[in-house]
Each structure stands twice: as C-alpha cells, then as structure tokens.
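Presented sequentially are two complexes of subunit A, the first with subunit B as partner and the second with subunit C.
Right, the complex of A and B next:
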C-alpha cells in the first residue's frame, strides 16, 4: 500500500493522521460503482413491468371500454363478441372463497408462530411453511383435484367448481399470509406485549387488544399479497375449476365452475383468432387494473383501520 | 460474601418481621448454561423504596423480573428457590399469575404506552380484569392520572393517541397504567434511563410520594438517584448480591470493598 507522507497537521502537532490519497480516491469510485449497480438493478428489474403494461395497452386498447367489463362473452369462437364479465365475477368468487380459508388459517398460524409457539416447534412449522410456498402451483392443482373435485379424497366431490378452485387457491394463499403475519407481529416492539403481560393480561388478551391492533397494517399487507398471488394463478384452476363462459349457478357441482381472468388469457391465447388474442391483451390490462385498485384499496383500508383502532 | 448477606438480613429481621413485603430465599436463576442469579437472599420492607444497583449485565433486571414472574416466558430458563410475597411463594402451583401481576405492577425502562388513546392505556388494566362499569373506569383513570401527576397536562386530550405525549409524560402514563390495577408492589426497571433531567426529577418525586401506598423496587445504575430516593439499597455484581442494607449505611459505610468501588465510580 502506498502510504504517503501527507498528513493533516491538525490537533496535537506531535501526532499525525496518515492520509492515503489513493485509497480515498478509490473508495469514492467504489461508492459510485455500488450506486450504479443498485440503480441499474432496479431499472432492469422494473423493465418487465413497464414492458407488460406498455405492450398490453398497445395491443389491447381497442377493446378497452365499459362493454368489455360489463358483458358476457358471445359469438364464435366464444368471446369474439362481448366482454369478460364471467371472468371478473369468477375472480371475485375465487378470491372470496380462498380468503375465507386462508385469512383465518394464515393469521392464526402467524400469530401462533410469533406469540405462542415454542422455539423448536416453531422452526419445524416455519420450515414446512416455506416448503408449502415452494410447492409448484400445478401440484396444488392436482391435490385440489383429488381432495375437492373427485370423490376419491375426503369425499367432498365438489366437481369442477368455484368451491374446489377457491379452496385450492386458499391453500396456496395460507403460507404466504402466515409468513407475512408472523413478520408483521415481529416488527412490533416486544415492550408492547411485555407491558400488557406485566399488568396481568393473558397472552390472548395481549394479542387481541394490543398486538393485533398494532400489527393491523402489516396483517392487511399480508392478506393483500396473498390475494395478489392467487389472482394470477392458472395451473391450480386447470384441475379444479377450469373455466365457465357464463355466470355460475352455484359454487359446487355442475354450473358451479366460474370464469377467471388469468384462465381466460390462457384460453384466448390458444385460440386461432386474432380477435381473441387482442382481447387477451385487453384482459391483461383489466387484470393489472384490478391488482392496482386492490393494492390502493387495501392500503386505504389498512390506513383507515389503523387510524380508527388508535382510538380504542 | 454470603456471610455479609446473612448479616444484613438478620439486621432487618430483628427490626420487625411483620413489615416484610417480599422475602427472597436462595433464589437461583439459570438461562441455558448461564448461571444468571446466584443464591440471592434478601427482604423488601412494606412501604419502602429499595434500589438495586449494579453494572450492566449483572442480573439486576432479571432479578426484578423474577418478582412478577415475567421470566416465565423466557425459554430455556430455570429457577430454584423461593420468592415469598406476603408470606406466600409466588412460584407455588396454586398461585394465579394473572392475579400476581395485578398485585405486582411493573414499569419498564423505555416508556412503552400501547398504541391507543391516553384514556384507553390506563383503562386497559381494568378491562383485562373484567371491569365493565364505565363510571368506575372513568373515575379510576382520572384518579391514577392525578396520582401520576399527569392529569392536568392531558385532561383536554384524553382521547388522543398516547404517542403524542413527550417521553417523560409517556413514562408517567405508564406509571398511571401500572397503578390502575391497585397493586401493592411496584417494580421499576430503570424508569428514568431514557428521560431528560427535568422529567427524571418529576418521576423521582413521584416515587418518593408513592411510598405511602406501595412497596417500590427500582433497578438502576444511577448512584445519585438511588441515594436520593431509596430507603434500602442493594448491590449486584455478576449475579451475586454483594451487599444489601439501609441506604444511609450503604452509601456512607459500605461493608464490601466492591460496593465501595462501585459507589465511588471505580467500575
């Protein structure tokens, strides 16, 4: 190392502070390189998002009107005329059914992991949970088919229906809600729960009246990310719900199947028809809009809930 | 040094045995392989202020937490010995932890109000014990805030979030919260550590005032404070109780060389 004789003559004249000029030059360059790397990583990472929005709008804008989201598909091949109302309604069914399963299960296990469980059991549960997140969605689809759609598993026999599809999606959503709920609770200062326990609260009282309220924003985010994850799933629905060009007449059995935007895109893209290809891109725009609206809406709700809960 | 402990305890015992609120007998506390508290024996007298002094990591906070069983939740910990509160061992199976903690209030190092309104913070302790009478709750909240010397400052914003208060006010709110359940013992874990001198002075005045209602045990590493407010002082070092005696003797005629070193700031 080129230790130079340069030194700053400040402070005690008998001591000196050796200045390595070349090192100072280098560390500034390293700083710039790190900054450049981080910025370019961000741009590269964000590029696909902008590309998807751009290309979907460029191709799909033609059909983007109120009729597209408010009418059922008609014509030949089916969808050549009309809109995608079946898929929008279907997604609503699926998200509601999946949330009915995943929200209580996910939040419950998240709270258990962060507040009640013992360290050793927790690490096993966490491992299983992460494993569940890693299971390919097509495998979930086969499991859902076996358990919910057919008679073979537990004898549910819901057929290809919203209930079978929604419950399968619920199983995909649960580990995500669990993981994020646990993280949300971990972000809360330990002093909150200690303060409550020290006053004679039971763990459940502390959880219900202090922890859940403080973590409300984080728990909402957990549910939101779970919903956003399942809203774009197609593989599990292939085996449990498939697709319905009309509105469902129930949630199980024949007529219980629902449309789904992601599934609709998958099907339209495979049809030998330019109109359907365009409409698939329009559906992408609608799906992105819903994701965006859901995100904003949930943030608003979470913000409001936090504000309201602060009062009680 | 065990001999010195025994001597101190004997002195206090001779004075008056009925006045003893908490008696700690042969208390050992292990965390994993780490022997955190080694054979602690001491007394706390009714309506007195006791300060536990010691350098960081000497086990004084852990000791305080054994007195209301907050260490129950520490995984891998093991406790032997007895803590007698009004003559009853708080570690015996018949003791209800919820009732114990109602009776033994605790104030923490950093102010930790709940993310609720000022009113709800104080009312929390009543609600978790099943009190639903609104009038009673309102009266008790007002009374506790008055005791804590906070009522005049917050009476117009009782339904605002507790985080809108200053650090010193938050800590007094935590004190009001701790006394809402009408405990007979107050444990304080360095209650003034994060406060400025003015707020500290207010809290210390409160503590001196509270003596008539509660037995107060404070953990501190501030020697001046301890000398100012406490009737009894103890010195912990590496998990051992080195010395425990009346504050007058403790600060002017320490029996152990290590205590002397500590109070003359040689640690």
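Right, the complex of A and C next:
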C-alpha cells in the first residue's frame, strides 16, 4: 500500500506512483543494449550478401566481358581459355524443359486447389505438396537417376542428358509453382469470383475471364520463383545431367548432356588451378546476375499488380 | 467454399485440372517409392544396425551410416547454434526496432540471402571462410583453448565441421528470421501499444508480450531450419573435408550424408548392394525431412496460418 500512499508522503497530489529514476534509466539502457544486439545481428546477417557480391566482383571484373559469355570453354585444363557459353545455353535448355513440366502442372493444380475439391482431400494434397518443397535436392537427384538416367533396370533410359536433368528440376519446381499459384488466386478479392459466378458464369468462364487476368501477376511471380529456385540447383544435376563442355547435340542419349552455370562453378572450384578458380568466381557473378535479375523482375511484377489493383 | 451445380463444361474443366493434381500426387509417390524400392536390398541385409555401424567399406561390402549421421547432426546442430540467436535478432530487429521506411529494404536484403544458390555459398566459403579460419581462428584456439574438449585443433587446414556449419548457418538464417518476423507481426498491435502507453520499453514489450505470444512460430521456424540444414549438399561437400571419420572436435574434418551421396553415388551404381546402401542414406534424409516438415508445418499452422513466406524457397 506504500505506493498508493505516496502522494501523502510527498505532499504532491499528482505523484501517485513512486518514480524510481535509476530504475527507469536502467530499463532504458537495457532497451538500448537490446537494440544494439538486434541491429548487429541484422548487420551480421546482411554481411554475407554484400561480401559474396564483393568477393565475386573483385576477381570477376578482370575476366568478365562479352567474350566470357559468348564463347565455349577451351584451353588446358578445359576452361582456362574461353568463356561459359555452354553453361548459359545449357541453363536455357534445363529451364525450358523444367518449365514445360512444372508450369502446366503447377498452375493447374494450384487452380484446382483453390476452385474445386473437398476440404479434406485438398488439405491432404496441400500437405504432400508442402512436404515436397522440404525434400533435399540430393534425394531428388537420386530419384531422377533411377527414373530418367539409368541404363539398367526400370526407367526411361534417357542417359545423362538435358531431358533427364530438366525433368528432375521440373519435379523440384512443380510444388513451388502450385503453392504460389494457389496463394495468388486466394489474394484475388472474393467479390470478383463470386460476382462472375453470380452472373451465371461457369467456373471455367470465371477462370478464363476473371481469375487468370486478376491473378496473372501472382502466377507469373510463382513461375519466376520456381525458375529462380532451380537455376542454382547443382545436386540433382550431379546424377542426371552432370556437365558438358560443348553444346548439346540432342536432349537425350549420348551428346544430350548440357552445361550448367552452377555445375560449372562446382567443377571449376574443385580443380587445382588458380585460373579456373578465377573463372568460377566470374561465373558466380553471371549466376548472381541472373538470380538477382529474376528476383527484381518478380518484385516489380508483384508491385505493379498491387498498384493496378489499387487503381480500380 | 462455393457450392454451385456444375454443368458439363465445368465437369470437363475440373477433370483436366484433376489430371494435373494427379501429377502432383504421382511425383510425391514416385520419389518415395523409388527411394524405398532401391534401398530395400540394403535395408533387408543390414537391418536397423545400419544406423550405428561405423564401418563403410565398399570392397568388403560392409556398410554402416554412423559416421555420416554423426557428421550430419554435428553440422546441423552447430549451424543452428549460430543461426538461432542471429535470426532471432534479425526478426526482432526487423519487426520491432527497425525504422519504418527502411523495413522493406532490409527485409529484401534478408530475402536475397535466401535466393543465393548453394554453390555460390560454397565458393564463398572456400575462398573466404576457410582462409579466415586457417589464418586467424584456428591458431587462436590452438594457443588459448586447446584444453576444452570439442575445441582442439589438430590439423590447421580451415576445412572441416566448423567451416561447413558457418556457411550452412547463413543459409538457414533467412528461413528462421522470416518466420520469426511473421510470427512477431501476428502479435495484436493493440496489446503492444497498450504496454508502450503504460511506459514499458520496447525491450519489455518484446520480452513480456511479443515473445510469449509468438514462441510457437519461432519453434516452427527453427524446426524448418533444421530440415533445411540436414539436407544441405553442395556447400557442405566443398567445405567439410570429406573424410569418413567421426570428428572429435568442431575443427576436425568429417563427412555428411548429403556429401557422401554427392561424391560417391555415381560410382556406387556399379555394385547393387553399394548403390542400395547409398539409397538407404538418402532414405534417412528423406524420412528426416518428411518428419521435420510435418511437425514444423503443424506448429506453424496454428500461428501464421501455415503460410510459408518467400524465404522458404530459393537456394538449393
């Protein structure tokens, strides 16, 4: 009761509570210290982003020119001269093949999950889908080997080729596109879809004329994030595509293997050669350029979509 | 959700979409079936003892995963010891302390960390972390702390458990940090504002309101981060030293499950039992990832509606 009687002791009717100034000061100092810890945690967490870019650029700027991205690797050890055209072309092959599988599958499933289906079955499908996102990429690689690449036993016998690697990457990409497509459709105001259905449109007509248009930005983001995710994958390609120093002559069988920027970096950094380490760092610059370009493109699209929504 | 009588056109539309959904289910069961089918010979031959047999000897056809399991869990645990305080700090900073106009920009930086491919982290580790450990950290520990178990430096080479753990920690940070941030953002603002109005400092709000309210979400984030760290492959292959021994110190070299798969699986397919043992290693990874993700997902569902944030993807 001492606290409530404080004003009687001090004689000040406004001072109902004891003001322990040193206590408040201590609280404020603790708060400052916590601020300092949190801010330094952020700085430490952000440090690798900048240091990775910096350490790649400081070696990469000497070798990075138009020839580096437009010629095939030559010289001895292979790659000491020339550029990484094989890897850029190979990445294009892999992304196109993976997208051919993952884009229709992912968008279709995402639409199904948000438009049709019973609550219970849908939650099972969502669970499987999210579990697939968590499966380590090396496990996908082993699956890809036994399904697509192996020459013996069951499977498609594509050999170490762009088709095998691309389809394995497509398996990794599909759950991501599915999840984000569903989220994109959920973000559309319910009145849009309900309005279309109330006017007598079927779900197909509503999808065609309302949902696809309204969720276009979100679906595009989903696809770009899927591509962003597979462009840096190395582990699945170890067992399904490996690497090719030249250009592919097909997409299956012998000569079907393609280069890949991530794979090229992985192989070059293993070689006991300084020049190849420098080339690997230069390839890191190219890979990071693609990754960040996709990232920024994705953010621009979703930002623009939000702006367009606000306009109406 | 929407209950309407479907007409024929919608039946066709639904049928086509359900083919795609069937594709998704097929992919999931393909990966599970392939791993189970090809690991069956090893599972039936070595049984449960596979998990604690230390010897891995392909010519004698003796296979045991204990060395690799030990390496994997050492890397994962040490990485989480680094990553948890760091990402809690980042989450708290972004949600509670950061000035409003910088919040978006700072969040993008942490999300960019999630987007950096694994192999790039590996190269950065080889060219930055390893020389740093070799030049400064390991000599320092050798001369001052060599009496502490787990911290002895035997070979001063930079590669090893610690180098791999540091890099994996940075790869896990965006996951835990973004989930921490989302969980803190789910705390009712009116409660926090009330406390601030009563004269509480930000620290009091974090300690007494935000963290007790959102600790479940943070647990979920840590569980998902664990799942990511266990399966991490390429960066670990480049940094861990690839020696099949159970490390006695965090500076020692070792081997993880993912690293042994990446290094030797293509040679292993020549011998059926060798290949099967390697697939059994993959089965361990698969089971750990499935269990961890089921638990993490259930925990997160209650806090932030199971909505995975952007930092979940990317990398590889």
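Here, the second predicted complex is superposed on the first by the 241 of 312 C-alpha atoms of A that agree within 3 Å, B and C clash if a C-alpha of one lies under 4 Å from a C-alpha of the other, contacts with A are read in each partner's own complex, and residues count from 1 in each chain.
Convention: a contact is a pair of C-beta atoms (placed from the backbone, for glycine too) under 8 Å apart; a residue touches a chain by one contact, two chains touch by 3 or more.
In this text the structure is predicted, and so the values were computed from the model without any measurement.
By the document's definition of touching, of the two partners only subunit B reaches A:118; subunit C does not.
Of the two partner chains placed by superposition, only subunit B is touched by A:214; subunit C is not.
Legend: residue contacts after superposition of the two complexes on their common chain; A:93 is shown touching neither subunit B nor subunit C. Touch criterion met: A:45 reaches subunit C, while subunit B stays clear of it. Shared-chain residue A:194: touches subunit B and subunit C both.
In the superposition on chain A, A:158 contacts neither subunit B nor subunit C. Judged by the number of subunit A residues each one touches, C leads among subunit B and subunit C. In the superposition on chain A, contact of A:265 is made with subunit C only, not with subunit B. Residue overlap on subunit A between its contacts with subunit B in one complex and with subunit C in the other: 194, 197, 202, 205. Put simply, subunit A touches subunit C in their complex at residues 27-28, 30-31, 34-35, 37-42, 44-46, 48-49, 51-52, 55-56, 104-105, 107-109, 111-113, 115-117, 125, 127-143, 145-147, 150, 171-172, 174-176, 178-179, 183, 193-194, 197, 202-205, 207, 225, 228-235, 238-239, 242, 262, 265-266, 269, 277, 280-281, 284, 287-288, 291-292, 295, 299. On the side of subunit B, the complex with subunit A involves touching residues 68, 70, 73, 75, 97-102, 105-106, 108, 110, 112-117, 120, 124-125, 127-129, 159, 161, 174, 177-178, 181. Residues 2, 4, 6-7, 9-10, 12-14, 16-21, 23-25, 27-28, 30-31, 34-35, 38, 85-90, 92-94, 96-98, 106, 108-113, 115-124, 126-128, 170, 173, 177, 201-204, 206, 224, 227-228, 230-234, 238, 258, 261-262, 265-266, 269, 278-279, 282, 285-286, 289-290, 292-294, 297, 306-308, 310, 312-316 of subunit C touch subunit A in their complex.
Put simply, subunit A touches subunit B in their complex at residues 118-119, 189, 191-192, 194-202, 205, 209-210, 213-214, 309-312.
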